[in-house]
Structure formats: structure tokens, C-alpha cells
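Next come the structures, one after another.
Consider the two complexes below, in which chain A is the common component and chain B and chain C are the respective partners.
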Partner chain A sequence: MTISSEQPVGVSVPEAPEPPQFVDPKPAESGWFSQHIGTAIICGFLGYILGHWLGNVIGSNYANIANSGQNSISAFMALLFMVIGWLLGIGALNYPIAKIFGREAKGEVEFTGWTRYLRYNLDHKVVGIQYVVGVLVFFFTGGLLAMAIRTELLNPTVHVFAADTYIKIVSEHGTIMMMMASSVVVGPLGNYFVPLMIGARRMAFPRIEAFSLWTFVAGYFVIFSALFFGGFPTGWTGYAPLQTQAGPGMISYLFGFAVISVGMMTAGFNLAVTIINYRAPGMTWSRVPVFVWSIIATAALLTLASPVLFAAGTFGILDHTAETAFYVTEHGGSSYLWENLFWFFGHPEVYIMALPGFGIVGEIIPVFCRKPLFAYRIAAAGMIGVALLSFFVWQHHLFQSGIDPDMRPLFMLTTELISIPTGFIFLVGMGTLYKAKIRYEVPMLFCMAVYFNFLIGGVSGVFLSDVPVNVTVHGGFFVLSHFHYTIMGGLIFAFFAGLYFWLPKMTGRKMNKKMGLWHFWTMFIFFNLTFFPMFIIGLLGQPRRVFTYAKNLQTLNDFSSIAAFCLGASFLIFVANLMWSQFISPEKSPSNPWDSLGLEWQTATPIPHYNFERIPVIMTDPYHYSEANAPALADFGKGPPVHAGSTTASSTDPDQ
Partner chain B sequence: MTDLARDAQGMSDTPEEREFELRAQIGAIWSGGRLFIGMYTFLLASLAFSYFYLRSSNNGLLWRPNHITAPTAYGWTIYSLTLLAALMAIFGQSRLRRGQVAEWQTAIWVGVVASLLALFLQIWEFTAVPFFPGSSGYASTFIGYSVINIMTIFIVLYWMETTVARSHRMPKEMEEINCHLTNHPVAQAFRANVASMTYFLGFVALSSTLLFAMFYLL
Partner chain C sequence: MGSEENHLRRIVIIWVILSVVLDLVFWFAVGPHVPPGRMTSSAKDNQLDFNILMVIGLPVVIAVWEWLGYAAFKWNVRRKDMPESVGGPSAAGNKRTEVSWIVITSVVVLALAIFGTIELYVGNGSGGGEGPNPIMQPAGANTAETAALAGTGTWSPNSNQVLPVQVIAQQWKFTYRYPTFGGFESSDLILPVNTEIAFNITSLDVIHSFWAYQLEVKADANPMQNNVAFTRTEQLGSFVVRCSELCGIWHGAMFNPGRVVSQSAFMSWASSTETANATNTADLPPFAWTYVPDANGADGGYYPDNVVPYSPTEIYGSKQPS
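Right after this comes the complex of A and B.
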């Protein structure tokens, strides 16, 4: 096998240099006394106490804080030290500290068994599964809060929660869900499958990858801590001046977003660098799987948009702790500054959530249609187009506030423009489905649901970009329904499509099909029954984030609430399926159960530590389904090349 | 680097694969350094946006009452020290390319000391600002700038210190005194790291100049 790749600028490469011989001064230790999630919790707890005490010491020197009964400094310091303690405890800071002394990482013990999932692990496959658990915990926490919201909305006059408690639940729900959604695909499936799909044996920066995961988990604790600080009343958008008037719970929101943004930046950074540099020989840009295209577009957004969120959060924290006035109009600041910074991140964030969903669907449908992906290059161009345009639309969130009315048409136009590349991606899917003999397996059903839901979400989005409509329905349930259709109907359905599709490869065990079908149909039906009535509720004038409403809307609200409870129950079917299929009654999955041509399916199951026995040489893209004279897919350096045109790809897996 | 060694020892079996992994690793350091600059640009752009947004809004005529300014002596000193660190990195790299490892190390240590001093002064400046943080738009953005500048200088300090510390330890680990300039994979990755660091410091010099002008001269 001959491997060739372009030489990086300014770097000369020796001919097959001998590997260096390092002497590990002190090997890492395994067992209870090594670093794992338990030590992270202990160190995080100790950090919290230390930070709280330190914050009280600092705060007690200021009369206005000492007499206020609210010390944002101690709240912030507690959370800051908690995160530092958490990272120290899990072992994320071992390497950065060792570097100060010029040391490279000491020899790492290869942890095996289930305990590796509780540690700072550098294997992208372990990190991917850790992310799956992490996002599901995020998702179910946010989901429980959603159930609380729908319970409150069962009756406009009989209340379960007080008005301020309700808005805090809504805020916590929104923030947790948005944080989860920003990583729900990139974290678990991006980290797990991008190296496999590009023929790489590893990530470019495995420590940065693991760091992003454990920062993401720390962000969960920080945002969850808001409930113990009295919550925050701003919704997930955190608008000033309510933000500057809120208590210490707001610190959890601001610092939580800052922490999560660090996790997002590092995750995007690592993925982008990996895709650019670690593509296997022959994996030209025109052969990169469409899921990888979606991930690199998302990674670009993560690395460039998240710093703005970090800055916005930092300024908010300074307003609360150092008493600056970034967002205080009366003192020379501006509440609109927050809105601008927040939405400059926030709108790309929408595509951070949407693009990986499109990528999953684009990857899955050719497998079940047994057809090449229609207009592959258009799909890739559409994703890049969406990513670029997403930086130029944020002002449409300010149509009602802080924007010169003369500027509205411009941002209306840019927002409508973004529907063009989005439409490209949609049409690529339709073109692939056209005249296909579709196999309706569970992942494919979820993909079909994405198209159905996203069509409703997307078309209502085009309405909302129009200034007159926006002015009319702004702040109501119509908007709420629109973004649930795009984010939950698009991204979350795509996430489950991805899970059902790839879990057999990740775990080597099949998911139960019957339970999968029950999960799909209940989730699809009750999702639509929950959120479609909200369009009507919104058009009839019910505002968001208010715990009471007009009596004549109760029937629709009750209908929506009952459907929401059933929707919540549908996720229990998924959990039951996961438990049953993976732990209680596991059934071994074939190496390539869907007959996919994707590179990730061509390696053995369970996937070897270094992914591929030999670095493959890629010969074509992985979408030549049902083509009689299709070229060979790749040379794996062992046995005959895998042919793309075959309906069943041969595998290097000895089991198959 | 140890990843590289681990790759070389465990993952890459054939010479071609080893070479491929090395190229990818060095490419990752190269492109990672550039991407980090892109990321940092957006962070600093957020600060600059805040500055100009509040300046043009001038809410309640409280952008900058009486044209109050942060202590310029501190500002000049911090800026000069940051610039010195960047110049040392650029000068050092030119010496390293000519094979003068000791001169590169000296230059980087000077840069480390300069950035350490800059970091100390940037923190100490909080005690000397002649305004309350929330007294005006300018005061607020200045505090924000100070916090971000502390972070920037800390990154500069950490990157320079870890690189020069690595250069001292490398000969011991590789049992070769003049290992820095060889074609050994570790040495090549080291030089790629130096190049990325120098590139970032060039960016820091440029951005520091712009931010210094905004907060102390305009």
C-alpha cells in the first residue's frame, strides 16, 4: 500500500523516522485512588466550599454586598472553583500542569471494562459514549421540567406553581435544552464517528476532546445549580435589564453558558482540525461523507460563534460581581448590547443544532433507499452556505427591540436568503427518496419524520422572518411551536435516527426493533399533537413564559399537555429499549447490519482501539449504492478492496 | 507529543503510516494554531463591538464623562511588555531557524519574564483605576478589556513557558543534545509548535496595539 498526502507548508518530513523512546517517570495508577468521576465530584464539592468562603471574604469588605443578603461574588467564586476542582479531580489538568515542567504526558494506563467510562479517557469512542450518557441526562432533566410546565398549563386559574416559580422552571428548561442541543450530535456521534468516517485512527487533540466532554458535564452542574440559588427569571435568552436585576441564580446561567461555550469551542476546534488533517489518503473533499461535511460546518460555527457567547457571559458576570454596567442603560451601558452579543452567537447556534441533524439524515437515507445520495455536492455546498449566512441574520431577533426600523428589510432579506441553502439540503433528501425502494427500518422512519417536522418548522420560520408576521406573533406560542418543530422535530428526531442507526456499531448489540417502532410512532404522533396546537394557541394570542392564559384556550392547552405527557412517556420506551437491548437481553449485532457502504461500517465490531488495522486508502465516496460498475470503495491493506457497488459491503470483520 | 510517540510505537506499523501520522500531527499543530487565532479574533471582536456600541449609543451621556482615562503609565508599560514578549518570540524563531537554540531559549525566557510582569501589572492596575467600574460605559468596557487582557497574557505566558521548558527537557528524554533541529518526529512537532506560538504572538502584538489605542489613546 502506498500512502500519499500533501505535505504541510513549511514542514519537511523525514523518511520513516524511528519512534522516540520515552521513559515514563511515573506510570498512571488504576483503581479507586486514581482519578475518576468520584474524585471529580469530591474535588468539585471542595472547590465549591472554598470558592464560596473566598467569595464571602471578598464580599464582606463591601458594605453594599454585606448588607444586601445577596452575594454574587461568592456565588460566582463557588461555581468557578467547583469547575476547577471538577477538572482537577477528573484529571483534565494533569497534562497542562505537567507541561509547565516541560514534561509530556506520562504513560497512560489503558483502562478496560465499564470503569473507563467514568474516567478522563482519550479514546474518541469512549468519549462518544460518555457524551451519549451526558446528553441523555441533560435531555431528561430538561424533559422533566417540560412536564412541569405542561402540568401548570393544564388550568389557567388553578396553579401548581407560583408565577415566579413557573418562569424559573421555563428558564431552566430552555437553557438546559439549548445547552444539550448544541452538543447532542457533535458530542456523541461527531466524536465517535468522524475519525471512523474519514479513515483516521484517532482525533487530532484527544485531550482537548476529553476536556470538552468534562467541561460540558461541568456546565450541566453549573446551570442546574441555578435552582439552588433561587433560579433566574429571564428565560433562556437572559435579556437585560431583567438579567441585571436578577439574583445569584443568574450567575449560574451566565457562568453556565460561559463554561458550556468553552466546551463547545474546544469540541469544534478539535473536530475541525481532525477533519482537515487526519483524512485518510484518497479522502479528498469530494469524497468526504455528508455527515462529516455537516460536522465541519458546525465546527466552524462552534469555534467562531461560541467566543462571542463567552464574552457576553463574562460581561454579564462582571456586571453582577464587579458592578460594571455593560448591560445597565442608566450607567452608560445598554441592555441591547446583550441582545446583540447573545444573538450573534444565538443564531449560528440554531444551525449548530440543525446542521448535524441534516448530516445524519443525509448519511442514513441512501443506506435505506439503496440509492446514491442525490446531488452530494449541493448538499455540501448547502451546509457551508447555511454556516456562512448564519452570521448575517442575528438582527431578526431584534425586530421588536433595539433595531433601526430601516434596517429590518435588510435582515428580513438575509433571513429569507438562508432558506435557499436550507432548501438545497431538503431537496437533496427528496431527490434521494424519489423512486427509491425504501426499507422502513427504525432509523429511516426517524429520518422521514425529520423531513416532515422540519418542513413545518422551516416554513413557519420563513413566515417569521417576514417583519409584519414577526411583529404580530412575536413572543407568543407560535414562535415557541416553530422552534420546537425545528430543534426537536429536526435535531432530536435526527439524533434518535443516528442512535438507532449507529448504536449496533458502537456497542455491538442490536436495538429491539419492535420497541424501536413503538418509540418512533409514539414520539412522532405525540410530538405533533403537542406542538401543532401551539401554532393555533399562538395565533389566538397566548404569550410565552406566562403561567396563566385566556379561559377559551384551555381545551387546546389541555390537549397539548396530555399529548406532552404521552410524548414524555415515549422516551421511557426508548430507555426501556436501551436497557433491554444493551444490558438485560443483549443480542449480538452483525458488523454491518444495514449493509451500509460507510467507512465506519467496514471495520470490525467491536471497533479495534486504533479503528483500522491499516490506514485505508479511499478510492471513492461511500454513496454508490446499487451501481453495477461502481468503483472500489477503499483499500484496507488486507484482502481485496471493498467495492462500493455491492449491495452488501464486504467487511474486514472476521465475524462476517 | 507523547501521543505522537504512542502513535509511532503502537498505531503506525508501516513506515508509510508512520509518516502519514507525523504529517497529520504536524498539520494539526499548524492548522490548530491558526484556528485558535480565528477563535480569539471573535472574542476580541466582541469586546471591540461592545466598546463601539456603547460609545456610539452614549446612553445618558455616560459613555465617558469628563473623558476619564485609565492610568496611561500602566497601559504603556503593559503594552510594551506584551509587545516585547511578541518581539522576543519572533526574534527567537529567526534564531532557531539559524540553528541558535540557546539564543531562542534566552529570547523566550525574556518573553516569559516580560509577560509575567505584564500579567502582574494588568492585575495591579485594578487598584489604580480612577473610576468606579459601573460609573460609565468606558469604565465598564475597560474592566472587561482588563479581564480579557489578563487571559490573553496568561495564554502567552503559558505557551511560551511550556515551549521553552519542553526545549530544555527534550535533550534529556531523547539523549541527544542538539535534538531540536533534527528530523526526529518529536523535534519536528516541537518546531511546528514554536511556529504556531510565534504566529499567535504576532497576532497578540497586533490586537494589543489596536486595543491599547482604543482604551488609552482614543
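Right after this comes the complex of A and C.
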């Protein structure tokens, strides 16, 4: 029986009360005179000048930095106002400012052209692409600096750079890469694919999502500005008395990390809320794709660890500008405060740079094995376990620093314990590979390389966690090689696996397979040739961040340098592939080129603005690759047209 | 038919053979030469630790790499079309495999942690920095350190005493002070053989790290903190000290050689240097575990950190620069 909703003839119905009327806000303007990246740059520049002048008014003759012609207050205020100007210029603050004055904010215009990528856009798919460009710029900047480092290390006595230039390059390389790596997967792929994978139409907080992107970009400018202030000599760890001693470039480092940590906090918070609250009906926790598990674990770390970095950076800025003594031992502070705050953030940060890689690999391997993910629950438990334990291991960075000696066995234990949940990831991968039908596509090769590389990174991590062995390897090239194996060999390889896997969905254009294979093999081989010798160099006694080294290590260093140049060149193949396949000679990709069962592949390509016409009802988990007649993943037809983050799309539904 | 068994059996056989061969090769051919050698007790102990970790780690690495390689060559399809499904619904997990994986990794990891802790205690802190109040230390260290600070410490050949040596790091140089020999300062680190050395490491400015490579001693030099590390010299020879914590632009150039000499040679070197340096030593601030810059700033010298209340004139008298 159907119930007619038509009014029966002759029956008067009481008038429904008028719904409250909102004044339809004027849409934001488009065109040259609207807000876009150009206005952001202009406002950032003006903000810089204003802040610098204001800082000089306040702080000249009070906080002058020796031999720099600067004072630290103006250096800090210039950067602060630059970031505020940048955010104002891009339009990130329009909404909060309007709300503060009790007005309705201007509506968001849905730009369809390419110019939407230059604007403060609230669509998670646009933000995802913006992030891809952002992290690649970050990555290649840091990569060029790495080439400079390896050039200097070609010879122990002949120097290409002056000692201070070299240390600036090292510091800038480390900091830029760490900032990039903390967002390299969460930003582009997390923002783009989490809503698609959980069946949502948007992020929980689209404005905060866009805000996290534009603060991330601002952080790039801030940390890059250090080069114009004479750099900073502390490496990416910024240890304190040296930090207090350093010139105005240090402000860029401290404020850069503070800005980036705001971006990380907001991105993580937004992703966590989205994953918890915006899952489609039927998307229970046991059906959530493993990539989403990795992102929620990472989001928890981002949300909880970044504030510590923000606080640490703020204390440092106060030490430089307001003459406080948080890190000044002589005046009652402690250099250990920085070390502990930094690593209390820094170790969860290390897993921020590992977990998303595990997620990508877990997501891609079943597709190319035609097998379900082995031990799905163990994979999820491993990620959550790593995330939890990562807050209890930070003092292993300080084993030789003179901490309470009782702490050393304790942190040795917790650090070695964390290899248990990390090992789960290997169980999952090896179980999935068992008797699989592997198709060799580029993403699959990158995933297998992640296991190959991360294994070395993980096993060498056990060496580092053992306090007696740590005496040999701490602070040397061994640890340097270790974390390049985990971050670059793990996360960056996984990031490229993800790019090759998902770019056809993001842009609707295929990546060239032949060039992809060239990129993979050169990157994989030269990565290992670059970094494996560094284990030996480290064992033979070369400390990190040095520009002179023992003569007998020259052969190994040269070998590593030449491999590093080839590794750098391999990324040119990637850039060429990207340009060729996406812009010069684009080839249309089918909407599901890899025959994946994942929800993100079940929408049309290009993905419609609201992702799903109706919110899908999830019927099962997405890993039924081994069954000939796999049950349907989701019901796309009968789902309710609301919930799961739907906003205004119902009005555009053809059914209504 | 039975192919599952065959795959696994083949993998296990290859793994056992490779593991045993590589472990034996490593243990006997490479192990004894693992840097930094066997010059001190901590170097010897930590080399053993490293080798044991390698012997456990190699089979793990081989297992995963072999599995990857086996899968890559045996379990692939070289076709364009979609391969038919494999495994059935049961491929999604296997309780026995999962449980045994967790149990085995946990046992290995816990065993390593326990082994590392025992080695740390037995090896008197393994040559790593233990902070101002070490709990893992050789017999007699406490007495020697207390006497050194009081200025009453002595050391003589064949006495089996602990020798306290102070390492003072600054940008960009290490200086060594020998409290048992009147507190003289030297740019050379000379040590007697077969002696327990107590390194007391501190810094005058930023954080450095004292890394006596062949001695297998590494400890951060923190301003206003004493960081103690122990080792026992066991072989004669020279070694290199490098800074292993970034300390500014000349960090890469902060290194100096050192020597382990016979006890009698050390005694004659120390006594003659003590006499030769006597006038310089008199100008130095009194021996203390830590020093801070005095009120006159960088060029005003340093005063001992533990003198409270601070009165430079009292300590230095007329030597205090105005």
C-alpha cells in the first residue's frame, strides 16, 4: 500500500509555520579581482613589510641579533604577519571574520575551471590535488638540497660549500623533508580518498580542511625564508643552546614548525572527525578500508602530537624575542626541555611518516594479488598499536644524552615492543602475497619495494633501540641511513605507489606504464645504492652533518653520492611521465583501470562534485577478491539521500 | 595436490639453508671485524651485541626477502586479462598463522630487550652517557669520582684504580682535564691501558657529543650537566674523538686523535705534563664537574657551577677580570 502525499480535495490543512528566512548570502566573486593565490601572495608580502616595520618599532635596540642587522622581534613579526596576510589574501579567514561581526559569510562559488586549484576551495578533491602539487614542490626542493649535500661529500678535503653554507643546506634539507613527509600521504591521498572510501560527500569541516592546506603552504614559505635570513645551523632537530645562539634564520625554523603544526593539527582533527562520523550506513569498523584505518591512526597522532611541537616552537620564539629562558640553562631553563618536547612530538611524528604508507600498501596489494587482505583485523590492530605505543618511546633518541640511566632499559623495552605491531604489517603483506596471482603494474612494484626497504629500516631500528649497540650507531650515518630507509624507502615509495594507483581516478588520465617502470626501477635501485653504503659508513665512524670525514671513507661516500645523483635523476623520469601523461598526451583512463573493489572506484570518472549521487549503503568489506561471485560492495540505489556528510546535494538529485 | 605443502616446504628449506650459511659466515668471517674493534671492554661487549643482533636479524631479513622473491617469481601472472580468483573466502586470514606470528615476534622482541638490559648492566652502561648519577658503574668508581672532585684523588700504575677524566666540549674543540693529576688541562687525550676510565663529559656552550670511536664511548656534552660514561681500555693504540651532535658550523671539524698507552708511559706523561702545565693550571678555574660562563660574558672565563652563592672575586681573587 502506498501513502499518497497529495492533499485530499476539500480538506483544509493548517498552514505550516514559515521556516526561518536566511538572507541568501552573495556568492563570492570570481575573476581577477577575487581572492586567489595572487592576492594571497600580495597580502603576504604586504604583511611581511608591515610586520617587519612594526617589529622594528617595538624591538629595535632591544632584541638585536649580533652581526645580522636584524632584530628577532621584527624577524618574527614579519613572518607572523606574512602568514596572516597570506591567509587573509587567500580567503581563509573570510568565514570566521564574518561570523565574528555577526554577518553571514559569502557563499562558496563552485569553480569548475582550472582556476579553482588556485583558490580557497572547500571540495576535498580539489584540496587533494592542491596538496599533491604542494608536497611535490616541497619534496623536490628538499631533494635539490640533498643533491647539494652529496656534492659536498664527494671529497673529504675539497669543499664546494663553505662550512656554514653546508650546515644551512643540511638543516634546510632535513626540516623541509620532515615537514613534507608529515603531510605527504595524509594531505593529498588522505583528503582526496577518505571521503570516497567511507562513502561520504565531503569532509566534516571543509573550511578547516582547506585551512590546513593553506597553512601547510605558508609553512613552506616560512621555512624557505630561513635561507634569506642566513639559515639556521641546528639541523631539523633544533637542539636548544645552539638554537638560542643562532641568528634570525632560527625564527623561521621555530615559526615554520609552529605554522606547520597548526596545519597538521587541523588536518588530523578534520580527518578523525570525518572518519568517525561520516561513514556511510553499513560502513562498520570491520568494513573500513585499511587505508582509512591507517589515516585515523595517523590523524590521532597528528592531533595529539602536533600541539607539543607548537608549544615547543612558541617557547623557542619567546626565548628569542621576549627574553624568556625556557631553554637557557644558565638562567634556570633547560636544554633538556627542548629535547624532550621535541622528541615527544618527534617520535609520534616518525609514525605519522610511516603509518599512511602501510595503509596504502595494504590497500593496493590485494588489488594486484586478486586475494583478500590477509588478517585484516591484525592490520588494523597493528596500526592502532603502533599509534598508541609511539607516545612511549621518545627517549630512545636521548639514550646517550645523560638522561636518568634508569630510563634507558625502559625505553629500550618500549621501543622494541613497537616492532611487534609493526611486524603485523609484514604478516599482512606476506599472507596476502601467499599463492597470489600478482599482476606487475607500477603501483604493485612500488608496494613490494616498500616491504623490501622498510624491512631494512625496521631491522636497523632494532639495532638502534638496543642501548649497547646504540652507543656505536647513535648520531652517525647508520641512523641517517635507518630513517631514510623508513621514511623514503617506506613512505615515499608508498606515496608513489598511491600516486600511480590513484592518479587515474583523480585526473581521469592514465599514467604511462613504460615510463613508470623506468621510474620505479631507477628509483628502487639507486635508492638502495645510495643508502645501503651509509650503514657501513656509519659503522666506520662518520658522524651526521659533517663536511669533512676520514680519508678512508671517500670511496664509499663517492659511491653513495653518485648513486644519489642517479636517484635524483629518477625523479626527472617521474616529472616527465607526469607532464606527458597528464598534460601533453593525455590518455583517458577507464573509471576502474585496476579492477579494484574499493568504494572509491565505484563512482564515475571524473568524480561528480558530491561524490555519490546517493549515499551508498555498504554491504560488505572491500576485499572479496578471491570469490568468483563476490558480494556487491555497496548498494548505490536505495540509500537514503541524506546523512554521511550530505549537504545540499539532495536538491540536485534527479529523483526528487 | 599438496602443492601448498611443497611451496611452504621449499621456502622453509631455502630459508634454513640461507640463514645458517649467512649466519655462520657473518659470525666467523665478519663478526670479529665489526667496527669499531675491540679496543675497550665496551667496544668488545657492544660488538658482541651487534653480532648477536645480526645473527637474529639476518634470518628475519632473509625470510621476508625470500618470501617476496618467491612470490615475485612463482606467484605472478603475465597476462593482460584479469586472472581468475584464488584462495576462496578462507584466504582472508588464518588464526594459527596469526597467533604463531604474534607469539614468535613477541618472544624474539622480549628476549632482545632482556638481553640488551643485561648487557647494559653487565657492561657498566656500555660506554654510553649515564647522566650525573650513574647507576651502572665499575667497582671503585664512586670513590674515585668523589675523591677527584675533592681534589684528593690519586692514580698510580698497577693500582687497579678507576681513572676519572673530564671531557670539556666547546665550540669547536674538546679539552681534557685530569683531576687526579692536579686538574691539568690537555688537548690530547692519553689514557693508560687496562684501566677503568670514568669519562665526565660536560660542555661550556651548546650540546656536543663526545664520541671516542674506537673506545666505544659516546655521551652528549650538555652545558651545566655532568654526563658520566665508563669503559675499560684493553688494547694499546690510537683512536679518534669526534663530535657526533651538531654543534654549529665547524661541527665537522671538531675531532682530535687520542692514544691508549702503557700504564707507566701514561704515568710519566701525566706527571711531566702536570709539572710543565703547573702555571697554566693555576690560572684555570678550580676543578668541578660543570662550568658556566661568568658574569663578564664570553671572554671572562668560567667558574665552577657548584659554588653557591656565586662570588667570582672569592674564587679568583685578583685574577677575576674587572
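What we mean here is this: the second predicted complex is superposed on the first by the 598 of 656 C-alpha atoms of A that agree within 3 Å, B and C clash if a C-alpha of one lies under 4 Å from a C-alpha of the other, contacts with A are read in each partner's own complex, and residues count from 1 in each chain.
Definition applied: a contact is a pair of C-beta atoms (placed from the backbone, for glycine too) under 8 Å apart; a residue touches a chain by one contact, two chains touch by 3 or more.
Fair warning: this is a prediction, and the values are worked out from it, not measured in the lab.
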Notebook entry, point to check: Touching A:158 in the superposition: chain B (first), chain C (second), both, neither?
Noted result: neither
Notebook entry, point to check: First (chain B), second (chain C), both or neither: which does A:326 touch?
Noted result: first
Margin query: By the touch definition at the top of the document, which applies to A:459: first (chain B), second (chain C), both, or neither?
Written below: second
Item checked: chain B versus chain C as contact partner of A:417, first or second or both or neither -> second
Next item on the list: For A:435, select first, second, both or neither according to whether it touches chain B, chain C, the two together, or no partner.
Entry: second
Check: Touching A:312 in the superposition: chain B (first), chain C (second), both, neither?
Finding: first
Margin query: Looking at A:281 after the superposition, I want to know if it touches chain B, chain C, both of them or none. Which is it: first, second, both, neither?
Written below: first
Check: So, A:584: does it touch chain B (first), chain C (second), both, or neither?
Finding: neither
Margin query: With both complexes overlaid on chain A, does A:202 touch chain B (first), chain C (second), both or neither?
Written below: first
Check: Which chain A residues contact chain B in one complex and chain C in the other?
Finding: 329-330, 336
Note to self: Residue numbers of chain A touching chain C in their complex, please.
What the structure shows: 163-164, 166-167, 233-235, 237, 239-242, 245, 329-330, 335-336, 370-378, 399-406, 408-409, 412-413, 416-417, 419-420, 423-424, 426-427, 430-431, 433-440, 448, 451-452, 455-456, 459, 462-463, 465-472, 474-476, 539-541, 543-550, 595, 623-628, 630
Next item on the list: Mind listing the chain B positions that touch chain A in their complex?
Entry: 1-3, 5, 7-11, 13-28, 30-32, 35-36, 38-40, 42-43, 45-47, 49-50, 53-54, 57-60, 62-64, 132-141, 143-144, 147-148, 158, 161-162, 165-170, 173-174, 183-186, 188, 192, 195
Checklist line | Sites on chain C touched by chain A in the complex | finding: 4, 7, 34-36, 42, 45-46, 49-50, 53, 57, 60-61, 64-65, 67-68, 71-72, 75-78, 82-89, 91-94, 97-98, 101-102, 105-106, 109-110, 112-113, 116-117, 119-120, 123, 125-136, 201, 203, 205-207, 209, 211, 213, 216-220, 222-227, 240, 242-253, 292-293
Checklist line | Footprint of chain B on chain A - complex, ascending | finding: 1-3, 5, 7-17, 19-20, 22-23, 96, 99-107, 122, 200-202, 204-206, 265, 269, 272-274, 276-278, 281, 303-305, 307-308, 310-312, 314-315, 318-319, 322-326, 328-334, 336-337, 340-341, 344, 610, 614-615
